[in-house]
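The following pair of complexes shares a single chain, chain A, combined with chain B in the former and chain C in the latter.
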Partner chain A sequence: MSDLAGRLRPAATSALVPLGAVVVAILVGAGVMAAAGVDPLRGYDAMVRGALSVSNIDFAVASFTAILAMSLAFALPARMGEYNLGGDGQLALGGIAAAVIALHLPAPAALLLPVCLLAGALGGAALASVAAPLSTRAAVPVIISTLLLSAPAVALTSYLVRFPLAESGSSVPQTPRLPDAAHLPSFPGTSYTNAGLVVVLLVLLLAVHVDARTPVGYEIRVAGANRGFAAYGGLSVPRLTLGTLAAGGAAAGLAGAIIVMSQPFRFIDDALTAPGYTFAGIAAALLAGGRPALLPVTAALFTILTVGSAGMERDVDVPRQLGQVLQAVVILVLALRVLASRWTARRAADAAGRKG
Partner chain B sequence: MDVVNLAFVAAVLGSSAPVLYAALGGALCGRAGLFNMALEGQLLWGAFSAVTVSWWTGSAWAGVVAAVVTTTVFSGVLALGAVTWRADPIIVAVGMNLLALGLTGFLLRELLDATGTFAPAGLPGLPDLDLLDGVPVLGALLGGQTLLVPLALLLAVAASLWVNRTSVGLRLRGVGEHPEAATSLGVVVPRYQRATVLLAGALCGLGGAQLSLGDVTAFTENMTSGRGWVAVAAVMLAANRPLLVLGACLLFGAAEAWGFRLQGLGMPQQLTDAAPYLVTLVVLVASRLRVRRRLDEADPVAAVSAAHPEAVVHPEETR
Partner chain C sequence: MTDRLPDVADPAAGAPPAAELRGITKRFGPVVAVDGVDLVLERGTVHAVVGENGAGKSTLMSVLYGLHRPDAGTVLRAGREVRLRSPLDAIAAGLGMVHQHFRLFGSLSVAENVVYRAEPGRRGIFDRRAAEQRVAELSDRIGLDVDPTARVDTLPLGVRQRVEILKALHREAEVLILDEPTAVLTPGEVDSLIAVVRTLAAQGTTVALVTHKVQEVLAATDRVTVLRDGAVTARLTTARTTAGEIVEAMIGRGLQPAVNPRGTVSSDPVLEVRDLRMAAAPGAARVRDVSITVRAGQVIGVAGVSGNGQREVVEAVLGLRPVQSGSVRLHGRDLAGLGVRERRALGIAYVPEDRPGMGSAATLSVADNLALGHHRSPPLAGRGRLSPRAVRSQATELVRRLGVRTAGVSAPLGSLSGGNAQKVVLARELHHEAPLLVVEQPTQGVDVGAGEEIHRLLLDHRARGGAVLLVSYEISELRALADRVLVMLDGAVTADLDAADATEEVLGAAMASARSAPRPEEGA
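For the complex of A and B:
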């Protein structure tokens, strides 16, 4: 019995910290709303309705698709200790790649849809992959190289939609509307939510399977736990780095492709990066503590925060950036999870001392 | 030297000053053994608080003081989280950068009632160094700049002297290079690290103020747009040496100034905007390759861990 309790306690504390982080963030948000002169209950009500009410849920699920994919973009390389912060660039590059293929390849939907999705994934993967040799050969940390590569990639897509790919006669920097064959089929009754959700869920299942059930997944986790040991044990750290970064970039590029192939079926400058999917994804991945199977739950939470804060701004006039603030609070509290583990370690040591 | 070239050098100095402040702070932290990646958020916060207080008080210098004070307080999150509580400094930095982005956007609307950009008529900016007008070379270089630009250059030299020529600087280096030895000599390692992080916060405050009250007098959401990350790259490039940090930042400034030139010649802004990041990355890779080659020959293990400089050194864990 005490054995079971002993085994349950670490599990309970490991769930306690993420829950605690969310609770702290909600309390901070309530404090901020109160300071801004808004009843926190009304504010949170507006936030939840902004994401989950009948008229908003369609768009929210589409955002969930993007945020889930972006959480994979961060979580996959993070599994071996590499931080991919360049999601914006990979997202934008994936989106533009899909748009270019859709606009220039006359093909039926059955061919065009997978090719466009693949092009998006390849676009994101190509950009993220650059960071791998920079880390393993030139010792430039991935966290810096992905960020420094992201800004030029976003700038490049911005240039492309303003000049070579611009819709003629439009004042908005955007591509022409993609042909019908490149529109992801939506579900009955939805206009934003579409087959992209299914694609991302399949990718997630694949990631969970590889992570938990395959040798490669095990190798990645070994390299994350101790890179020197992994190299000593004969694992190719450069190859694993390249693989995880390419996979993460592909997830981000896929998100970009899905956004472009959904309503309003164009690449609009800024439309991919402005909603902040990248950081919502990072926060979701951190909250899931690297376990891919938990990503749908945490991604759903940050979707409510991201999409809902726009509704909160509309209804009770609290600036939508509160959503970002709450994400940041969750990340900061999670960073302090070491405190909790140290506290439980001390408790365990005390208990052992009392027994002995 | 003709005036056009001096004007170019002046533009380089102006562009690099905010990055230089942040990078100097980052380099000092690096010397104390802590990889400070929260520079972007601290710069952004500094820029915002400088504009806000300058608008409220009508004095740009009050804005500068507020930026220094509040950014130092903000950097306390890193000092407390990563040093005192030994949390992962990367995660703390990611959280701080996002917090600064969200909070400045939020307060921009709540306090200043603006969305996107705040640049009202009558927002006091820092004055140019008019008294240098007419002085031969100096007038052309610094006459159109604020006092914070030459101050950044002086601070780079001062930081170099401080780190290399004073006993406190020696202890600081000891804290970073060999915390165990420093501890055995009675140096309290976390205290030095905390103080350095706070100092970096103050420097980022100055950099942010120069960004929002210097060349332009305005605050725009996310106006740092990656400058803090360029500063992090500059710190790596210079291997924490303040004078080399100065060189790296001037390079960034030159890329940005070239970008503006090319824009003047009709090159699209979207492409020239990318130049500083690409130049920084290329130079960083080139320099790291050289270091790596040297390390590979001397110490292959160090070469592997060189790609992960972000781990904080804690004396009790190296024991």
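For the complex of A and C:
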């Protein structure tokens, strides 16, 4: 009977389905452009240029940094089957935490930079952690509590930059410019791309290492595969839930801190959440199928979709929303995959289900 | 319930039976769940369909209710052949079924649930009062006390079951199938369910009662059909049969008793369970003053029909379920207050009955499945690192040593056959070299060849001085492996036998009889 389950499980879905999802999305996009009277090749060319041409790559890499961090925010808890949809709130809270420290702690850059990044990570982690006891003690699903906790957190930061932390004399709801010591050092010749990229890549390496080569990473995968098996083996599911959610929230908070500590070096209301880093990060994590090592590839893809669609709008007059449509198509195809595998699993379970 | 009705069940001469299954065969892939079964449900009788887990009872009833289409055979209702493509056809044909897991809307009232899909009312407007009256009327008729306005999710399980029964009656079901109805009930609720079932039969409703509990068969039914391995092994009239006869037909006269050479049993107890008491909970049986001692080099078998407290005792030993009173000691150390991880670290290995839900993870690789519990200690791990290479090489070694047939240690466990998956679980637990091994149903869902290998592995473990607590529903397995056999019935140990005395007749009688066997003064 389990042979049957093995046979029904489509061979090599692990690689084929995500690739197929991307191909389907590109074809759908081509169809939309063709229907609108735009040559799809020109459209996609404009999109890639919009992200990767010499004048745009600086900003695209900065977006990639944020999207990669947000993909970690989703992927880390997803490894044990918990879905963190509260990225926006964790991002904003991390950003505001970093801004508060930067504005109030007179310290040299060597001290201030790591402290601000840490504060951002802690801010995001604190918010995400709330969902863990809600899930393990009160049976509130993480997917719901993270989403619901996100909006008030964003609203709180919005209030803070309008009143207690507002820059006096400015009509824009934003903090004053952070002191120079809190500016992440840029690479030579860039203004947006900075040390934040290195920090996020280091975090990614750490995540890949923990996932594949530590007992904790193993336990997370076990809990994700079968909670009953994890409990039987004596693993503490509540502790693992708390740990992965805190780690995911920390990644999101770190992204918030990095954004605030980059051009234009302020926390501006809405500036963290409006670009849609959270959703792009979720899409990238889903496309990577939970494997942290694949996140840079999928995050790069969604960076091109997000950043490049603005260039496409400018050059060939296709609305930038097409980028979001393509993201959505990828997610839809992946969701259909989940449905399909559930269906085959049920077939297999029926086949095995000859209980008395 | 001793007032068994003497043969009132004889049908009116000539009237066709209320429902009949002829030559039903149902396969799931390569597995034949039901094999050419005939079943006749006479009008106005309570008919027990009994058998062990996996005997095909539920599958057979699912065919009768249109949930499964049979591969061969026909279903007759009141003498006429009916084609049941779905439960809707079955309902239209006057069949009703109460499933093990209730299908009710928790946030709706009793009345709303009962009339669902057959609501009284006019021109699309629901007549709540008529619905509530109808429920009151129906519950009056069969002597049930149910408040039609109560919200279903506020009701205890026993009352929810009554709602399911009322639902079937509201839809004019003349044949009512109850699938393991007492599994979720407290003893008091069981008695009142049996009274309801008898009332229904007296009013002409035909009841098919699916169960594996012999006491209920004797108390509630007129006829008995016993299934084993998908085929009928006995058709009995309740008034003229005995518990022993039913149990014998359920468990069968197994293969020849295997040779079970005695090892040397040391005098040190490894596991001592003393006066264990646990309350009944939804889905869990009670446990009454159970004491068990397992010594090094000894296999203690626990026999009994499933659901008599064996699982709960095992969970108490492992620290998975809280106990009311009593103690569990390992090498003399009281385990009270310790969790699963600590108990396993102290030396308890465990092969659970629920292999897919608990003993393994189908989507993880064979190697990952073999690593659980070993993943924080050398050689797999050291200084905070877990070596994927060590995990794979240990898995390769274990797979080779136990002869697990797999495409490789990186293949998902779900791709293995039942027997090989069970060997993976056993390999992982034996590899702990834990002084105590707790094993439930080690050969369930395992083919004969792999089953023999698993038995050999367990006997080897005993020969090396391991202590084994073995829970099994199969008498032949207990006879093949155990040094002593305890029998559990309704949460208590009702017999403690030397393996040599544990013949099928003796065990069968002990598994069935409630109060005849004296409570033993505990297995020394």
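Quick note on the criterion: the second predicted complex is superposed on the first by the 324 of 356 C-alpha atoms of A that agree within 3 Å, B and C clash if a C-alpha of one lies under 4 Å from a C-alpha of the other, contacts with A are read in each partner's own complex, and residues count from 1 in each chain.
To be clear about the criterion, a residue touches a chain if its C-beta (ideal position, glycine included) is under 8 Å from a C-beta of that chain, and two chains touch if they have at least 3 such contacts.
The structure presented is a predicted model; accordingly, all values stated were derived computationally and were not measured.
Participant: Where does A:228 make contact in the superposed view: on chain B (first), on chain C (second), on both, or on neither?
Facilitator: A:228: touches chain B and chain C.
Participant: Mind working out whether A:312 is in touch with chain B, chain C, both or neither, as first, second, both or neither?
Facilitator: A:312: touches no partner chain.
Participant: Going by the contact rule set out at the top, does A:78 touch chain B (first), chain C (second), both, or neither?
Facilitator: It touches nothing on chain B or chain C.
Participant: Could you tell me if A:151 is touching chain B, chain C, both of them or neither one (first, second, both, neither)?
Facilitator: In the superposed model, A:151 contacts chain B only, not chain C.
Participant: According to the stated criteria, A:212 is in contact with first (chain B), second (chain C), both, or neither; which is it?
Facilitator: Only chain C; A:212 stays clear of chain B.
Participant: Counting residues of chain A touched by each partner, does chain B or chain C come out ahead?
Facilitator: Of chain B and chain C, more residues of chain A lie in contact with B.
Participant: Tell me which partner A:220 touches in the superposition: chain B (first), chain C (second), both or neither.
Facilitator: It touches nothing on chain B or chain C.
Participant: One more residue to check, A:143. First (chain B), second (chain C), both or neither?
Facilitator: A:143: touches chain B, not chain C.
Participant: Under the contact rule defined above, give the chain A residues that sit at the interface with chain B and also at the interface with chain C.
Facilitator: Common interface on chain A, chain B vs chain C: 228, 231.
Participant: If you look only at chain C, which of its residues touch chain A in the complex?
Facilitator: Interface residues on the chain C side: 28-31, 33, 51-59, 212, 227, 230, 320, 339-345, 350, 352, 354, 357-364, 368, 371-373, 375-376, 381, 384-388, 412-418, 421, 445.
Participant: Under the touch definition given earlier, write down the residues of chain A that touch chain C in their complex.
Facilitator: Those residues of chain A that touch chain C are 1-6, 9, 212-215, 217-219, 221-222, 225-226, 228-229, 231-236, 350-356.
Participant: What residues on chain A touch chain B, complex-wise?
Facilitator: Interface residues on the chain A side: 32, 36, 81, 83, 85, 134-141, 143-145, 147-149, 151-152, 155-156, 158-159, 162-163, 227-228, 231, 237, 279, 282-283, 286, 319, 321-329, 331-332, 334-339.
Participant: Okay, in this complex, where on chain B does chain A touch?
Facilitator: Answer in residue numbers: 37, 77, 81, 85-88, 90-92, 94-96, 98-99, 101-103, 105-106, 108-110, 225-226, 229-230, 232-233, 236, 268, 270-271, 273-274, 277-278, 280-281, 284-285, 288-289, 291-292, 295, 301, 303-310.
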